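The following blocks contain the structures, represented as structure tokens.
Same chain, two partners: chain A is paired with chain B first, then with chain C.
Here is the complex of A and B:
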């Protein structure tokens, strides 16, 4: 019984709850009793170990504490060993390891394991890390086996073994995975030569390649391959046969190059697919699969883009719009540690120097009004110019597309007339971005912000071009739809007439033996759209490659070799070498992807072309960059979690979803080509499947779900949720801003105090103490406020537009992340450093209190 | 498993993988990089842990560090005795911290040590001046340098002792958009 008393006393000593409960369990079981002395020693151990353990848990990465923690560990370990050995000597059998001890051991083992897994995060020397690791591993090794009893022991050992295997497997898998990331070395090489901003383009390209590979697998595996393997063979139906009139030229290269002839009637385009409900012995529902794949291409892309955006937003703890640390950040983070090329390093040094000089100038002449006005004027001017350019290019494209429609009706048009649209669009894409860049030089932004503006403008250009192109195409489609009605009747009558003359009876069941090449065809607008987009994509690829070849490589060769016999220095003077145009390339990629998304429904083969394009451009551009480009004059870093590209991609994904969704929902499919022929709308394939292949109640549920009465409340609910989340994030942001303000005020106040201390004599200080606190509460915040308004003014030239353009990072995530970080910082840092000074009333509660009265209170406090 | 590499034992590799952010292949690659610096000094067999150190002149000539203005500081911080001479362990340590997988806290800790030129656990004004001069290759006038340093201290010194402590530094740098 005295043992029990002992136990309860120990419990009062403040050990943790679960340990106590375990001990109680132990008591109940082991009433029969064991040696009390052993228990006592255990407890002493525990008393010693508990604080160190707590320390370990609340470990912040400071050296001192870790050291202490480690000492504690060692001690603890020694004790443990002693006690364990004593236990084993005292009682020969394993039963002597009591439950309680086991629990403790288990805990320690777990702790050691945690230590092992976080070892790499410790700022220790490798030798120390290795030794600690070895000790921990030995410990785990030694005591893992001792845990558990009888059957439980075996199970435990088994579990441990599996866990070990699992860890090993995970590590191997990790090794394998990193080996599978393609082009890592290539990108690293580019990175070391051109800084991380250029490398970010290649990383983006690689990511895009991965996404496209998945899309390619989806489309090829579920649509193209089944149709080719199991569908009707080529030549068996009108839609799968080249018409008689085209057959003579169907194999000519000039025809194939325009994606006419045999290519037009191949599985690469929408028109080839049959509207048979099921094909082959698998009863594969191809129209259904076609539709679902079309949807899931968008679904998958959306998911991937959003997921990577969210991950980026989580990773980026910071948004750049903090005015507090301009100089500090410049000083400590401006060097790009990835640079490994002397030329780039030179540029970097120069750019750092100029940026320092700029901010010094800004700081010294913080209110230089006429300069601001001039700059504002220039910026407005630049924007006006660019808008003019955009409108002009939009009109040009509209004009050209309209003209091409008249050309397409005429016979005997030349090569230029046929390809006018593509040529004009490519030329615009080639010459407008440099023009924008020239105009943007007027604005004098920080290169990072400038890049964003530049990207935004080129994006607007491309988008405008794309949409004018689409609108014109839509006109075309409507024309074709009108034409189709005529042909439909004609086809019907031809088939009917033919059938009547040959067979005579019941024409609808047996297929007519008319040669499929002779059947009159509708225009099949889906294939036309697909062909247009494919041609645009291909011409875009060619123009890109030719630009790189001519604009970069030939230029570089010329500059390099003609320089020996030229009257001025070509390398330093006018032509010089080209810089790698990040914004143009990224935009080209994004825009191209938009085309792919838009076209993949009508031309399933398009994704295959795109995969090839991305693959070749990875090698080609890497080579071109390394061989013929020079690093940027103003090298700057791209921050790693760059959501700007992703934002553009998301936008273009959405925008390319719109026309596809419109055509699916509201245009009738062609009557004689494609998987949905014969239906009024394309989406009817789903209704059909539900009605024919699913039990009745599914159809019922579906009809309920599709009811507007359900959809509208659902949309409402979503809107409300968005509103609520938005409000919450705003609240977080406000709290964050408050905290920031508060910290700043404290610092100002502290600074004032320090200044007072040094400058004023004790007499004045006394006088101040005698003054009423109320006057001070008024004066000091104003002072602080003044200073605060002063400092943003000085920097607004550089920073403010950045805030406007900083689209990246959802406000929600960044707001919350930032809202949680500062207080912890305050708590960790402040009390320790301020502890020597007077008690400081504003300090210990950073949450939510209005910051107004704090400095006054702090100052009025008469204890400095 | 017939191991091809005899440079490290399996246990050593596992231990290194636990202690760094690298995979087995990367560790081996780093070892060969290390060995290539001085093939005559570094043995091909590390199973019995030979105590080889490479002098700073060799380490600093690596392309990764050659153009870095802080290369000497980096080597000093990561070397065991603070003299820039590195063992393989130090070498691995350095690249582990500089790799992109390392967490920001760890990087901030080492960045602080790198910028703390006189090893007094504070970044004081002289450290800042050295940093600026290294970053700009002495192209700023002394007045400009001192102005910049004052500004930095004004901005980042939370506890107002005229120099930056580790906490100040972390507080400032973890939020920087450029801090990799």
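Here is the complex of A and C:
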């Protein structure tokens, strides 16, 4: 009785074809069921018809029309088919089905597949569906392999199976890859509580962690490990040993904390590395590797940042231009249905409210009639104040660094004096941004613009600080370089003296070498630079963590627990819970990375420290956010700012490349420490490698390439290429805008065609008016009059109501809206209000839309 | 085997949703207080993801419940309380009040409603018909957002 049910309930596969084939299959299955096992070994994956389904679907569509014709044929061929199928199910390779039968069989298989894919839509009971499904799957499995011809049968079946397995494997691999992404659940949790902008900070942090991990892998694997494994061990050379004078205190914690002592003479810093050209039995060229790794750190970072920026730019151009329906979208689509947490729901309410308020403010802002001069004066004043602050902070840093230099020469320096520079810089970073914010209140910008100014100023603050620090450091380096000459002589004479004295007794015995700890050491300026930067980084890390701990956690504890016995409501009033400071944190991250880039050449271990820092920071900040922060009252759209942060990162990368490049190119390396000691300049290692390790012609090629006569034209060519690409992209953008305008015009035409049923071409309209003057004599003079009175104001009724033009009936709006609407459109699209406006000029309409019915559409109607 | 409104209200996401009551009402047929499994499924069927092959099915049969048009119709019915196939200004005001509450003055709410109608209305009847509603949400990826995906 199932079959009768089928016939009565068949809806979408209206063809009788399928019924007939299913009946046949039922019978065939019973007959051939015993032989199914023979084929079973080849078909493992059941029901994986998905991949081939799509390609068969298109074939199905064509075949559908032919199917109906073939129905009769099928019934006749039933018996022949059964015998053929039972024969084929014997799985003998010599058996080859005839062409016709093969085609029939293929059709059947496809029908079955289609049935399987559409099974869910059928209004049958579950039991029936399951049985039909199983039957169809069995059929497909059994006979799909039989579709190959003759000897190729098995191969075809094999290919089908492999295709299915491959798809399954790809899908599983994608799932696995998604699972492997670290911290995904944590970030999702933060996102659901705090919104996408806070989550974007954590995503940025995770991305940074990935980049740093790669850099660390590079440096660790190519520089540190070879030196540690294959280079000379500790204590064998002067550069690798703690000098005798410092050995007493080398293990003290306070000394270690300052990165002196044993840490200074370890693989973490530049000074440890030997300048031996090849080390170990692998003949690993360590100085060359050191240099190349240093360059590739910058190269890789640059590539990764720009790739990320390009990807962001791609996404942001996809959805840019829909301000047609601002309020409608806010009204209909602003609730996030995935929110399940009551507190988040409250915040969503608040953010929707704020978003409406913001939009209203946006609309009104352009109508604000303010005193331009006062505003300009205030803005100039604010900028002057802030520039003063910036200069003041720059000078303070410089002064403090100079002082620390004098301190380092003194003995008995207290803890404060030693760390003064770092403390001052951290304090500035903590107190200046809020100061800037309060001054910026004078400027009265739109909040989005205000945020960008704020970020720019904080960036300038940090930059100024950093560069002043670097300048002071350069002074230090120059001093050390001067000192070096003196020490060089001293070392030379000491060694000579030792040699003579020990050889004085017996000239045949080789003198015992001087203990490395006793050799007078040069002031290794590279290591000093490395140490300074590492110290700065570490103090920055500590300050950040302590700020989070105190500023967020302790504050939250205080507000929550002391609130019971305090005069005013702490939660709503002054301290309240902290909001997560996205921009501050992102800038902190960006600057930290800048310092890493600057210091990684002189302190290879710095990247490792940073990796640890980012790892702990992720867990620590996630915990801090969830436990002591409240979601923002004003939710920021995250996507637009993302490229801004990437841009900052790029800028910092470039800026941190400059000092390193300068020192590599123009400062001589120390004579007794580091992988480049003994050379005149650090980049000479490349020339050395090319001369000694590569065949001759390579050296010649390089000498030609390095010729300025070649490089300058190359640079010119690149500049021209950039100019050309820029021009091309601008042309594309313009073409894009034109197309959009055309599309919109088309849409307007269609809409009017639908509504008015008249032509929207203004020339045709005039023609119509001329042809049917009788019906329109009353309305047309009035409308002509309307047109005349309304044309100056008419452009205020724009197609893009998002411009807010109609919010106020004032003429001020016409200026804004006029830019995009050609005048002809106005007459076409707003005939209704033309009719209204003229008779009621004084009607107050604050929001610009006529509340009543629209009488002015008379243009087309009298004709009909 | 029947669900009542209280059962739905126990779902936290629905309870805190400003349109939660209306969504719950959409499950129950006219005037009834209980919904059986079939009715429940029928309403949920609106949220099935749209599969590509369904677009190539024959157009003769009735449109499946999870087509874009039906999804939008479902959403439209949430706003159109008096079922006159138009969202009037009053209905918009009601929705606004639920979404935003007392934090915005009534006058501003009225302005927002007027502005919304002005943006969406094309035939000038100061109400949003279904076609206009569709036009407003033309660029919104409704097929994706109004779909519940299990095990995909």
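Rule of thumb we're sticking to: the second predicted complex is superposed on the first by the 476 of 864 C-alpha atoms of A that agree within 3 Å, B and C clash if a C-alpha of one lies under 4 Å from a C-alpha of the other, contacts with A are read in each partner's own complex, and residues count from 1 in each chain.
Operating definition for what follows: a contact is a pair of C-beta atoms (placed from the backbone, for glycine too) under 8 Å apart; a residue touches a chain by one contact, two chains touch by 3 or more.
The shown structure was predicted, so the numbers you read here are calculated from the model rather than taken from an experiment.
Colleague: Report for A:416: first if it touches chain B alone, second if chain C alone, otherwise both or neither.
Modeller: neither
Colleague: Looking at A:332, would you say it contacts chain B, chain C, both, or neither? Reply first, second, both or neither.
Modeller: both
Colleague: Give one of first, second, both or neither to describe whether A:116 is in contact with chain B, with chain C, with both, or with none.
Modeller: Once the two structures are laid over each other on A, A:116 reaches chain B alone.
Colleague: Counting only touches as set out at the top, which of chain B and chain C does A:174 meet: first, second, both, neither?
Modeller: A:174 sits against chain B, while chain C stays out of touch.
Colleague: In the overlay, work out which of chain B or chain C sits against more residues of chain A.
Modeller: Larger number of chain A residues touched: B.
Colleague: After lining up the shared chain so the two structures overlap, which partner does A:342 touch, if you call chain B first and chain C second: first, second, both or neither?
Modeller: The answer is both, since A:342 touches chain B and chain C.
Colleague: Once chain A of both complexes is superposed, is A:353 in touch with chain B (first), chain C (second), both, or neither?
Modeller: both
Colleague: May I ask you to decide whether A:127 touches chain B, chain C, both, or neither, giving the answer as first, second, both or neither?
Modeller: In the superposition, A:127 touches chain B alone.
Colleague: Mind sorting out which residues of chain A both chain B and chain C touch, each in its own complex?
Modeller: Shared contact residues on chain A (touching chain B in one complex, chain C in the other): 61, 117, 121, 322, 324-329, 331-335, 337-342, 345, 349, 352-353, 356-357, 360, 751, 832.
Colleague: Quick check: in the complex, which residue numbers of chain A touch chain C?
Modeller: Against chain C, the touching part of chain A is residues 11-12, 14, 53-54, 57-58, 61, 117-118, 121, 322, 324-329, 331-335, 337-342, 345, 349-350, 352-353, 356-357, 360, 751, 755, 801-802, 806-807, 832, 846-851, 853-854, 857.
Colleague: Using the touch definition from the top, list the residues of chain B that touch chain A in their complex.
Modeller: 14-15, 17-21, 23-26, 63-64, 66-70, 80, 87, 89-90, 92-93, 96, 98, 100, 103-106, 109-111, 115, 128, 131-132, 135-137, 139-140, 144, 147-148, 151-152, 155-156, 158-161, 165-180
Colleague: Which chain A residues qualify as touching chain B in the complex?
Modeller: That would be residues 61-62, 116-117, 119-121, 123, 125-127, 129-130, 133-134, 171, 174-175, 178-179, 192, 196, 316-320, 322, 324-329, 331-335, 337-342, 344-345, 349, 352-353, 356-357, 360, 363, 637, 639-640, 743, 747, 750-751, 754, 818, 821, 825, 828-830, 832-834 of chain A.
Colleague: Residues of chain C touching chain A in their complex?
Modeller: Within the complex, chain C touches chain A at residues 12-13, 16-19, 52-54, 56-58, 60-61, 64, 75, 79, 92, 95-96, 99-101, 103-104, 108, 111-112, 114-126, 133, 136-137, 139-140, 145.
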